[in-house]
């Protein structure tokens, strides 16, 4: 009962919490875009690059998958100043989490590219399309569609990871929640529960949206091998 | 260039290809005149598909040369994409672009390779689809079409590039028997219209009635070649006779 | 611009932190394993009354940030009169979190065991629980190893989060050393290397384990 009273008190902070959560969403957008662009490139290098390029891409992927997000955040936040450069916490967080996400996204895209039958590339080349043109007009449009379910998982995971940017003093929702708690310690539980609920909304609405996107772009006959679902 | 080959549309000379230890093609040569239909037959694993793919270098031959209208296809300096744009290829399992509707499958090449304007390419694609009897199927995705329809779309896709010749690699082998006829019909009409074609097939009826010349290949070499009448009635090589009797037993002589 | 000066005398300190990282990871994985199996069984075999709460638990812990969960346990629970040490809070929060993920992997694996297996076991006269224990779970555990290995490695990395409640794990120790000497970059390059080696060693051993317990014919169809 008392807890609901506390929730009510936290409710007064809700507008500010939501404003802080916009920072999380901005960070999410930035890191997803960075991760998408680099992840696509890394996947393409792994599949179509020569020996050297594909090995390099794999090493990149392994390194960014193996170092904890928090360590990456610190490296990107304190690293540049070591070389005499100033970096904003938002940029540092976008880069750290974006590179990290690119390593995970590249794995998703690579799986999708490899699931496309080799005849697709062959047919495109037989028409006289260059490899790049075939990748752009035949391979990627299929791969991106196949990657949506895997990409939804990545979304679910990084949307929550935006809270880690708290560590590099970004004024996102967890940092704001902590200041509420610092002012009024008995609100700790209620505050963090509210934050958790906010993320439940982010996670599930994001997934629902991606589900819509998947259905919108679904094409009969185009699916991951082993995937269930009607062909027509 | 060799003597007597000036008028050949396609000249294939001494093609060799090896996969690991196995030499799949052991020196194959032939030529093709404009408007000619050549049918290649032979047992499985003989290198027929490999040979077709060597012609437009989807597979890189180890040795030997190919000329298309006097341009050396196998030259290192040639822009192979430009050559491929002039050579249609029809695959056994269609390989239609899964994510594109029939119309988009047919106009992708003209737009992206030939640089044709969208409206022009659309018009062309509609015409080619109509030509293979698929007017009205423009918006269907490959998965929504029967095998025979898919193969006809893929023929339209090849035709839309206005190719100098079309290579067919067992175009009816993946089809249910009742769908073979509709594809053969399209191919027969193409031959009549003067399209230059090389067709790998087991359809002896088609070979007999449409081919100007039949090539019998085995184990990476051409065993015998000649007009159908001669090959069917008086094969010079015992292996040819053996193969022909076996294949007619197996596939019958369905006419297209 | 400056060069790379790392005070190598910090290494023993970092090794100490590494030990705590390993302890916390091991403890939370073990706790999460037990709870995860129970949740999965509840999801698959429990009636509605059990299955739905298990589902809500799983959705909550998979849908909210680990950092928030950690703060709920460490800062929130004392509001309700439950005061846990930082170490226990860390293990509990990480364990509750990984339990939800492990539960989903186990559920997938249990459902991937062929239906006939349960029927065959029951036809031998085994009770449902006996069948689950001696026929279903042994197969499910083998099927689940690849995804479970991923989860273990993921938790090893996420355990770094406990630095935020002042624990001196590898991350926390690095932060402390760096803050004292203000050489964040050098220290965290070394910390990153520690994690790289740790992850490499762990993934190699897990791969070895996977080969050891492999049973012919028992794969994970469509499950990675």
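By written order: A, B and C. Residues from 1 in each chain.
Note that a contact is a pair of C-beta atoms (placed from the backbone, for glycine too) under 8 Å apart; a residue touches a chain by one contact, two chains touch by 3 or more.
Just so it is clear, the structure is predicted and the values come from calculations on it, not from any experiment.
For chain C, the chain with the farthest CA centroid is B.
Chain centres defined as mean CA positions place A nearest to the mean of all protein CA atoms.
Chain A and chain C have CA centres that are 21 Å apart. Centroids of chain B and chain C (each the mean of its C-alpha atoms) stand 57 Å apart.
Between the CA-based centres of chain A and chain B the separation comes to 46 Å, rounded to the whole angstrom. By the touch criterion given at the top, residues 116-117, 119-120, 122-130, 133, 137-138, 141-142, 145, 219-222, 231-232 of chain A touch chain B in their complex.
Contact residues on chain C toward chain A in their complex (touch as defined above): 1-2, 59-60, 62-69, 71-72, 75-80, 157-158, 160-161, 163-164, 171, 174-175, 178, 184-186, 188-189, 191-192, 195-196, 199-200, 221-222. For chain B in complex with chain A, the residues that touch the partner chain are 56, 58, 81-89, 91, 93, 95-99, 108-109, 112-113, 141-144, 154, 157, 161. Interface residues of chain A, counted against chain C in their complex, comprise 6, 63, 66-72, 74-75, 77-79, 81-84, 156, 160-161, 163-164, 166-167, 174, 177-178, 181, 185-190, 192-193, 195-197, 199-200, 203-204, 226.
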